[in-house]
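Structures for review follow.
First subunit A sits with subunit B, and in the next complex the same chain sits with subunit C.
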Partner chain A sequence: MADARFPLAIRPRPEAGPLARLAAVLGGLVLGLAISVALLVGAGVEPSALLDEFVLVFLASPQSAASVLFQAEPLMFTGLAALLAFRARFWNIGIEGQMIAGAIIATAITLLPGIPDPLRLPVMALGAAIGGMAWIALPALLRLRLGVNEIITTLLLNYVALNGLLWLLYGPWKDPVSGFPYSAEYTAAERLPSLGWGRVDLALPLAILIALAIAFLLARSRFGFLLRFVEANPAASGALGIDVTKVVLTAVLASGALAGLAGFVVSAGVEYRMTQSFFVGYGFSGILIAFLARNRPILALVVALLVGLLMVGGQSMQVFYQIPGSMVQLIQAVLVITVAASDFFVGHRIVLQRAEAAG
Partner chain B sequence: MDLQTPMTEALTLTGIDKAFAGFPALRAASFGVRRREVHALLGENGAGKTTLMNVAAGLYRPDRGELRVFGEPVVLDGPRAARKRLIGMVHQHFKLVPTFTATENIMLALEVQNFAAGRLEIRRRVGQLAEDLGFPVPLDRPVGTLSIAEQQRVEILKALAAGSEILILDEPTAVLTDEEGARLLANIRRLAERGTAVVLVTHKLRDVIAHADRVTVMRGGATVTTADPRALSLDLLTALVVGEVVATPTARQTTPGAELLVARGLSVSAADGPPLLDDVGFTLRAGEILGIAGVGGNGQTELVDVVSGVRRADRGSLRLAGEDLAAAPVATRRARGFAVVPADRKTQAMAGDLSVSDNYAVGGVLRTAFGGAALDHGAMRRAAGEAVAAFDVQGVHRLGQKASLLSGGNAQKLVLAREFSADPKVVVVHSPSRGLDMRAMAAVHARLREARDRGAAVLLVSEDLDEILALSDRVAVMSRGRITAEFPAPVDRQAVGRAMVDHG
Partner chain C sequence: MSDFLINWLAMVPVFAAPFALAALGLLVTERSGVLCLAAEGYMLIGAIAAVGASLTFGGYPLLPLAAGAVAAAVVSLLFALLVLVFRVEQVIAGLALVFFCLGLSSLIGSTFGWTSRTVSGNPQWPIPGLSEIPVLGRLLFSQDLIVYLLVPLTALVAYLLNGTMTGLRLKAVGDSPDAADAAGVSILGTRLAAILAGAALMGLAGAYLSVVVAKIWVDGMTGGRGWIAIALVIFSGWRPWRALGAALLFGSIEALVPRVAASGFAIPQYFLFMLPYLATLGVMVWTAWRGGGGGAPRALGRPFLREDRH
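And now, the complex of A and B:
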């Protein structure tokens, strides 16, 4: 029996252990990074420079570390926003729109007289959360009541929010001093206070606190249990008497609130005003972060840091090596593809074929 | 059969071992089938029948053991290789593209080169084949619009059109009515007479006794024996299958109590065509099992959905001790003491990706038995562990393992354990033993009788007439969305059967 066979075979694996899962994700990550390095080197960056910009700088200089953390702050919020919605099987592609809505409300609050200084930041944060929630409420209700696909509605509402923002910036909110299309600068009481390490501000501990709260909620609370059931099988959940609409709506509104907060974190912590493009990239990076972190909140913080590192490193690449800024997005995309592909190895095993003992 | 003549086996499997993730599914299993015979492969669910046949069909590679086709040792590395060796398998879950016609589905399997010419040629050949076999199949309608029995015929034609001379049928009668099943088995006999080697995988003893030339019994992944079924008594065959004789239940002795659940005029209209439920009413007393018999697709699913609250009736009332629940959400009904065991347990009653423990505890979590805000996970696991033991759910290595890894019978026991954990007043069950082996079925039936004897009102909807007759105190027959007949106990099987097929 001459059997010229390929020596490897693919076998389905019913239940992968946590180690196999971790190995698969890490393998995907490493492959993605290897491809990214090849891309960057191909674009003319010295391999040693890569090490400098992406690894050594972060370890060697506390200032660079701080800038990465600072860059990661809004990403942590958008990542958490994305994963909460995904946990409810609601594909929130409208995080940027919700960020804009949140930041608009926060900025509107800065324009209100009569709020005492110490209350300004909390009121702005609350307003931003409500703004984000309001922006996701319509897609949520359309989906839950009429079955309208939320991918379309949340995505398109991004453009509605953007055009609303442009109208504000070119109209009523145009900077009274310079006439440029951005809002008046926030006052000192309306800016997130620094923690005294680079530009790292209050948003970082807030993000960590929220991530811990979400992790606890998912693992230990009754709501988290019901949400896990709805995620795993919505039809059975309904048949068991879980109020699926309520569970999904709660998670989705919380997602919108976090996205709104992300808008507030950028406007009150980075720009200190509303600009035309303060939100760019954060929303889609949030989706990437939730995906890479497998919808786990603590992991999302770690992935947000990595994406922050990628962004900061990419910025200096842009300055020193004339690498286009879109390279960072390309690397993100490569990572998504390789990690998504690694899922295959969670469900399957590659085994070495044993030679068949013939008759 | 003349056992003196040396007959070549068409297909032999010898000493087959197969393990999944370290758990052995087959242990040195051996099996052979000859031309011109119907060889039954009999065993409980999880005995390894389907796994062994998947090895024969090239879907699984054995860890050890030998396959021979017409005497020649072969290695099958996929269904395509099996097809080349003239082995065809009709799976329990059909592998058909619902939007394609029968002809197109068969073309897919044949991998024809020239699409247009191949289409006509195959259409002609399949039509001829169908006619020869007495297998009426609409060849030009999308398969999704065909009945289950017709889809099954398409699967069989698909295997035969590919030239299969060894035909493996996995639980072919499980999805059919009595009548359709008998017709299929007669057709299979005709196939065997034309020279095909037929493997009939089944857990129905009756099919084996009436239709098989030989029977091989499997238990716990091993082949126990091969024999002529006519030489075996039903009791002996049963003993071989389960390893011990399952006691047949005795008739009930209790008297039903007060009227508990009263349905009147329940109706559900369809977007087009006749209503799915048409003015259905019934009265269910405490301590009584009302069986709803009928050929599948006559409104049973809608009735279960409407009573359990998954679907809202357009009209009608459903009173539990006087309170109308027809518009109440599922949660309210459950709070009033409803327990529901839907037909499709894996998609309607469980979350397969979650743990055994979670799938049991969700009932308690919804009743806030494990805490209102934060959950007591220790208590949940303990309760799940006790239930798994009490309901004899097997195959649970850890309470944290995925529920989807349980076999059908054990999954059903887990669902029953959860549904019965709060001592329900009303039990709604749909085809509770579909796809289960005898032992699991006996366990499920015992639990339903227990619930009845504790005073629950049980609505048993089933397409399996044996099940209806074994359990019910009264039987109603559904046809075209209506209840067309009612029979008090003792129920005459013939009369119910006639009512089921009489669409008058």
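And now, the complex of A and C:
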């Protein structure tokens, strides 16, 4: 690229304005969406149907808008979980494992007698948060104490959690009524109450509250200040006497707690029981949401809505056009790839070699 | 008991081969300074391509394996574009590629109807004479071609790395790209070659897994083996022979799972399935405890662009 015969050269661009950043992200998104549309049309979907399913659906009826919101609820939790860990420079790839751990604890609580009905949901939520925290605690400690790569440890624990889940569902927790591999149905007191708009339930206001709280903490609290410092420069933070271990551990445990809550939101709000695949796809979507939202909590809610829209649209594509569910996964990966690549144009510009030599 | 032992050990090479191939591929890519988290993705692409080739062309035993290697190398061009040209953070590029390959392989499988269809597998090639030796013949000389190739392949990688100019350049690029660049070595060219060659080996690992070990494609069938291979490479300090040793260790753990399940021990199979992942965790903790991460290429994960130097 520095080859004199090649007319184009890449030059670093030290300071890029917010407008350039926005333009780059939007450019990446547009390219990613264009590739996705091409993929879908190539798979046999009518272009006009795309407009119907992914754009007009939101405006068409309050019912379909509600279904998108409902789908977005667990995504908001996993998106917030991912961004808290990323803020601490901790790659939490184990969100799905933490969701499983959370749902297992919540389901265990449904099996306990003697808890009064009004207390059941709060206790289940608390248990799920603790389960998620417990599942991330080991990778967090290994990384902070021994420097063990958390990408691999959090990911490996997904498989351990999954096998634990399968053991429960095919063994002790098999549905006593049907004998199928899912847990017994939660009672009415163990289900997230509906808000009276489609299936939208209590998880939505809860997610919004948590996002606001995180945004407030990040902007105003001492912890938020320290976390932003650690995010910007972990090495210097340590040198300045900030207790990096404590800050990172707090953020990472909170990330695990939110992932655990996401497991609770799916099992107590969507399925009303624990199934063997309730968590599938939410982990990567959480990472995608945090990435596209640039680790900003309020923005994460918006991106979660868009991913929810993509998922709902994908489900109807599956029904009407036999498009496999994996298409949604592929589209999400394409979006990450194009947006990540577009970042390059924030930090660099491409110049004509000759023009520069003359200047 | 001796039956149990022989049945178990005879399966070790087959289970070790995917780990060994993937670890060697990872090692080649990472020695050039490119962090490769995409292993699981390459293995999936290799696995689906091999099953597809087997179902489409049938008959030829080595063709599916070659198809897997080529397909993964083609997909790795996307990774190369991201990390070499657009200099995307290598962790993000690797993760994005894994999910891209997960989606793509599943989409291909269902679009072409390759999912859950059995394939003919790879013939075993017992070595005449040697395979008749009691016990040893069964363990070492009644395997398939890829297993026989593991040792020569490891020797080749070790020789290339440590005994040739090519290897010297590769390691220079991975350890001190600025110095290598000043000496006239093409950084991006070397890294591109390392990414392609590594991906081909990882694709071969996936192809072996689907066509030889499982004889079937199901979504996400690599089951984290790519991630385990990454841990093995860290454990081995990026050295080929140690990587082969680590692969054998994990192959023997994996081979143990069906054996123990078949022997009627009263352990639920799902706990057995956890074993490889827990063992990987154990190995990672042990490596770190020992003061680990030693042997990592010094520029691992750092992008290079000459224009960045001021």
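To be clear about the criterion, the second predicted complex is superposed on the first by the 337 of 359 C-alpha atoms of A that agree within 3 Å, B and C clash if a C-alpha of one lies under 4 Å from a C-alpha of the other, contacts with A are read in each partner's own complex, and residues count from 1 in each chain.
Convention: a residue touches a chain if its C-beta (ideal position, glycine included) is under 8 Å from a C-beta of that chain, and two chains touch if they have at least 3 such contacts.
Note that the structure is predicted; figures quoted are calculated from it, not measured.
Novice: Could you look at A:Trp167 and tell me whether it touches subunit B, subunit C, both or neither (first, second, both, neither)?
Specialist: Only subunit C; A:Trp167 stays clear of subunit B.
Novice: Could you look at A:Val346 and tell me whether it touches subunit B, subunit C, both or neither (first, second, both, neither)?
Specialist: So A:Val346 meets neither subunit B nor subunit C here.
Novice: Should A:Gln329 be classified as contacting the first partner (subunit B), the second (subunit C), both, or neither?
Specialist: Only subunit C; A:Gln329 stays clear of subunit B.
Novice: According to the stated criteria, A:Ser237 is in contact with first (subunit B), second (subunit C), both, or neither; which is it?
Specialist: The answer is first: A:Ser237 touches subunit B but not subunit C.
Novice: Have a look at where A:Leu142 lands relative to subunit B and subunit C in the superposition and call it first, second, both or neither.
Specialist: Once the two structures are laid over each other on A, A:Leu142 reaches subunit C alone.
Novice: If you count the residues of subunit A that each partner touches, which comes out higher, subunit B or subunit C?
Specialist: C
Novice: After the superposition on A, what does A:Ala9 contact: first (subunit B), second (subunit C), both or neither?
Specialist: both
Novice: Should A:Val302 be classified as contacting the first partner (subunit B), the second (subunit C), both, or neither?
Specialist: In the superposition, A:Val302 touches no partner, neither subunit B nor subunit C.
Novice: Return first, second, both or neither, reflecting whether A:Leu157 touches subunit B, subunit C, both chains, or no partner chain.
Specialist: Touch status of A:Leu157: second partner only.
Novice: So which bits of subunit A does subunit B touch that subunit C touches too?
Specialist: Dual-contact residues (subunit A): 1, 9.
Novice: Once bound in the complex, which stretches of subunit A touch subunit B?
Specialist: My answer: residues 1, 3, 5, 9, 13-15, 220-223, 225-226, 228-229, 232-233, 235-243, 356, 358-359.
Novice: Can you name the residues of subunit B that touch subunit A in the complex?
Specialist: So the residues of subunit B touching subunit A come out as 20-21, 61, 66, 68, 73, 75, 77, 308-310, 329-331, 333-335, 340, 342, 347-354, 358, 362-363, 365-366, 368, 370-375, 377, 401-402, 404-405.
Novice: If you look only at subunit A, which of its residues touch subunit C in the complex?
Specialist: Against subunit C, subunit A makes touches at 1-2, 9-12, 43, 91, 93, 142, 146-149, 151-153, 155-160, 163-164, 166-167, 170-171, 284, 287, 291, 324, 326-334, 336-337, 340-341, 343-344.
Novice: Which residues, counting only subunit C, touch subunit A once they are in their complex?
Specialist: 37, 78, 81-82, 85-89, 91-93, 95-97, 99-100, 102-104, 106-107, 110-111, 188, 219, 223-224, 227-228, 230-231, 234, 268, 270-271, 273-274, 277-278, 280-281, 284-285, 288-289, 292-293, 305-308
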